[in-house]
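There are two complexes below, and they share subunit A, which is joined by subunit B in the first and by subunit C in the second.
So, the complex of A and B:
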């Protein structure tokens, strides 16, 4: 066997100049014909499977494709023996599998139920799974034998296995974002951005009805989310004011002095604060607003609204309450990025500063803190995006927010608005339903802008503060 | 860090005060959870709390003082496992595509895209879930009468009665969107773990004639396993703690007992988070209810906390064991 192979290779080496001649070209084409055919059928079946995820009307394609795969893999099996003297039983297994899938698919009715599951499956669910399960391995094998079964071919043939999921998942994200954008731009009404929402019944005219005095009322409706946009901004500002000093201070402490057991305990607690559920923070906000109930501090934490003739305490919470709890969400993020920034300081800089006789506090202020500054600013921008997008914290204390924006007013935000349109009062829902996707688009723009700023300014900030 | 003769400067004390604040808040939160969940444990007992009967507002029959959280626990396990099953292969593929199989140009765009996607708030995913319902869930799992008629009524569709077929609320939908939520957080961690495998090991493997695929399977993935486990634990924490997506795509309270069969992902098996949110009931914009309902919600939150710390502990143990085994 060994001798034969060496003979072949020497023959090939001798006939190498003749590679470009039409005869060898034709022969190579003939050798590549069956793998190429398998590859094309596999690609078609994967494409059909991917398209059929969202469509029910592609029932004609799976059965012929499965038949084709079943047959062509057998031919490939023989062809592999002819070319490479190797029995590749994987091909036979996949071929048999596609035959079994074919039988199952023929036996299934169009709509399937069973196992007491709460669903009526369409047949294309199974055909999609079958096509993917058979198409991917046959695609890999076809590519492998198309490229003459070299080690390099093994690597190249695995590219589809890696790249198809990547394309699918990134496509799914982009598809969802595109749907949101197209739905948001469908009802373009820019006036909602500057109008607040209210729907109140006001007395308009006094008159006598029979013997009784009466008011003719008029319903005043204004649709818009000015208050929600301003509220998001106010939440970002308040939360930053509260969490930045604490977060940065804690991060500096942990990096400078936090190597003992005390620092480790603190670090563990702050990390755990990041790991707890957002629901717990929402309940904490609810708890804080409830604790303040019927105390002198009620106006601060409960939030007030002005009805036109008296100031009432709201049933939810104020912007202050919300931003206190939101800063619990933010502080661990800021602490972590500050600590990372400080730890990345080259020790020479600190030692040089100390060796020149600079005091420790000044070193902290002039050397360590500027070095950590790019990390802190990037982390702050990401934290702002998180504040703008968080609903769970506000879920129990936010309301419709038709009475203005202020530190002690009842809290609302753009993200909560979307939730409220889905689950809120019937009247509110009816009025705001057309603008739900516009609000979503606006929120997406705000958060993605903050995130993009964080990513794009990273290098510039490093240059500005670290001089590199 | 490596200096200090002066032990207690003013700056140090000030910074320590600031660092103590979040730690104290953490203790306060745990304390408030225990303090607030005590009344329901005292009033109805643990047996009631772990039963499968819960009084929700969705079924007509309202039984007072029934707070069985067993359906919620089952729902949490279902949706987290489902989300992880969807998310893990994709995030692994993203990480491998960005590092090993990238030919040098795919890595940077994938990282950039992932960091963009990680900034998308959960409420946006919840809002876009309607497209997946109309284009995937209803035609595929909704039966013939829904398949034809409902594609025509795209986005502004009305909420339909759940309970017969998986319409706009099911655990399957929640799993898909939790997967979308956690992929941008899991994938960069797996990516870092793959990058941290020592370069000389890879080079030795390639120099000995192993293919890249073989190196990936036999050397890089086992070497990156501790990092992958850390990534999975982060994903599980993120998925367990999410409220908005679960409330929107699965529902608030499952009040008709355990799912039957137990793995039925086409019912609306609300997890602990959204059950607690439903129990507090501050959702309708009406006055919030105080009392045992809220206390039961705190108990659910306490269970979530226990779950989270169990996950963290298990992940740490796994990591340590793997690192020790790799060294030996």
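So, the complex of A and C:
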């Protein structure tokens, strides 16, 4: 008996409505009707807005949606007063706004030019902005009133607004990767990965019925990007060898002794070096390749090849030239991460080492440098990804690299290949076109692997060198 | 070599006798801010001396002058003399000096390496030839932590508790067999049990080392020290045997500080 009573009382406490009037299922549904309707229109208009920015043929949608939002928000305004006894003027403002947007949209010509610029864009761009501007607040309000306008509902109703940019970014990213993967995996011929590209005309001996030999020319074609893959690897190795000692050294110097005017100047210069346009580095590379023309050092900076009886010079540059200029791009990155790593060392550790009668140099070697190691390695891997992906630096000196890969050979890389397929020679373009997505996919895999390695090694090295 | 401190030598091991520290007219300023206004002190060899005083009175600055760690602070100017074994420390090689004058900091600062490497760090860097296992064992025993960690010397010292870390730091300092040990509030950030163990090892160091300890804890100063210096506003107000100073302070400032009226 007693147990039943307690059970009843708890049941009552839980189901008791807040304002005394018991709400049946039907009534609750009726109350939710207008917020639900508003919510669906708002969501539709946001989706339409996101699609409309990419297409010009969505003209029919924005206007009726703006009308619907304008009207349904007025109804929601009245419904809120009926349910919660308060006037929510925000709803009226959004409603009025959508009416104004509607008028603007009708008044706009189909193509908009402005500020005496030649740029022309379609009015659907405006409709996207307008739909988002009214769709988002109406979605938030609709969700809020759908969830009975509690403080918790206020939080929940704002989640989608925070989520939308994230979803858009992830969606675009996945779209990009999906396109590359789906196109790249349409296997035309996997042997392109191990074959070099060449298209040369060679003389060939031939005989007619045991007669004297005669000569004819035969075109030999091989399609593949082995040299581009190996070239990317060689660029990464050479650039790392050149930039790591200098970058790490400069970073250590700046963190240890870089507080004076000289250090500050150096830091400023390194920061400005990071902001330099890559195309300017490309021009520098072109200059470097030309600087040794007609000197004994020409073979080092020009890509050369040996045809069997003479050494020819290419019109471009060598891997050495490319990696010298790429080092200019990488050294500031390495310097900065090294300095950050060293400066993140707790000062007590340095003091502790010095207080044991240990010299500054040994402290640098045994305490400071290991501490900065996770930063340095991570920075290095990201720098490698940068090297693998940079086209602008190589644009003026890279060629097709038909004649092999080596420090003094003609430079080429996977990233340059993709550029070359579009803007290169017609013949080359026709032969390589089917493989462009494979090359892109390969480059994506290389850079993403380097990025993932950077994240993983950072954690692992932090454990190893910082005991975390 | 044998100026007035021939006692307390442990003849079982070839150990150097502890040295006294003589401070004469020491003035230290950071920029325009004069922190120590002429300190004259004679620290007794082989004893524990406590430096007490309110925050910002210059205790730590005084301590860090003895092994010249203050020179690493920017804008710090020092005048006066600190004599260790009759030699002015400001004319010595700081690295040689710091091997003779060890230091334990307020915040435990073990290096991110194994416990073993932590203890051997100073020895290896100074290229001192010793029996390494014996040094590890002795110094960890002196720091009252050997029993807890003798089976996991390969563990990273960063993953020990704060109290254990501080005792590792003490052991690391003792491993290079200094003559003077400076301690800057060694037990301030520790739990009571660890603090008690640190105090225990300070008491165990008496006779072998000249210890100088900065502390805010009156009870601790009373428990561990033989002599106490009360510093106020950069000047030595009172210096004497701990028992006498706490039982019968001569100056009013000392009396009030010990009673907890200020600081």
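A few remarks follow.
We take it that the second predicted complex is superposed on the first by the 353 of 468 C-alpha atoms of A that agree within 3 Å, B and C clash if a C-alpha of one lies under 4 Å from a C-alpha of the other, contacts with A are read in each partner's own complex, and residues count from 1 in each chain.
The rule is short, and it goes like this: a contact is a pair of C-beta atoms (placed from the backbone, for glycine too) under 8 Å apart; a residue touches a chain by one contact, two chains touch by 3 or more.
This one's a predicted model, so the numbers in the text were calculated from it and none came from an experiment.
Contacts of A:56 after superposition: subunit B is touched, whereas subunit C is not reached.
When both complexes are overlaid on chain A, the residue A:354 reaches subunit B and subunit C alike. Contact with subunit B, but none with subunit C, is seen for A:270 once the two complexes are overlaid on the shared chain.
Look at A:466: by the touch rule set out above, it reaches subunit C but stays clear of subunit B. Looking at the shared chain after the overlay, A:282 reaches subunit B, while subunit C stays out of its contact range.
In the superposition on chain A, A:346 makes contact with subunit C only, not with subunit B.
Within the superposed three-chain model, A:437 lies in touch with subunit B and out of touch with subunit C [touch as defined at top].
In the superposition on chain A, contact is made by A:382 with subunit B only, not with subunit C. In the superposition on chain A, A:367 makes contact with subunit C only, not with subunit B. Comparing subunit C and subunit B on the residues of subunit A they touch gives the larger count to B. For the contact definition in use here, the residues of subunit A common to its subunit B contact set and its subunit C contact set are 354.
Per the touch definition, subunit B reaches subunit A in the complex via residues 1-4, 6, 9-12, 14-23, 25-27, 29, 32-33, 36, 89-90, 93-94, 96-97, 101, 110, 112-113, 115-128, 131-132, 135-136, 139-144, 147, 155-156, 164-166, 170, 180, 183, 209, 211-214, 237, 240-244, 248, 260-261, 264, 266-267, 273, 276-277, 280, 282-288, 290, 294, 297-298, 301, 304-305, 308-309, 312. Across the complex, subunit A is touched by residues 67, 69, 72, 95-100, 102-103, 105, 107, 109-113, 121-122, 125-126, 156-159, 169, 172-173, 176 of subunit C.
For subunit A in complex with subunit B, the touching residues are 53-56, 110-111, 115-122, 124-125, 151-152, 154-155, 158-159, 161-163, 165-166, 168-170, 172-173, 175-177, 179-180, 183, 245-247, 249-250, 252-259, 265-266, 269-270, 272-273, 275-280, 282-284, 286-287, 290, 315-316, 328, 331-332, 335, 347, 350, 354, 360-361, 364, 382, 385-386, 388-392, 395-397, 399-400, 415, 418-420, 422-425, 428, 433-434, 436-437, 440, 443-444, 447-448, 450-452, 455. Contact residues on subunit A toward subunit C in their complex (touch as defined above): 346, 348-349, 351-359, 362, 366-367, 370-371, 465-468.
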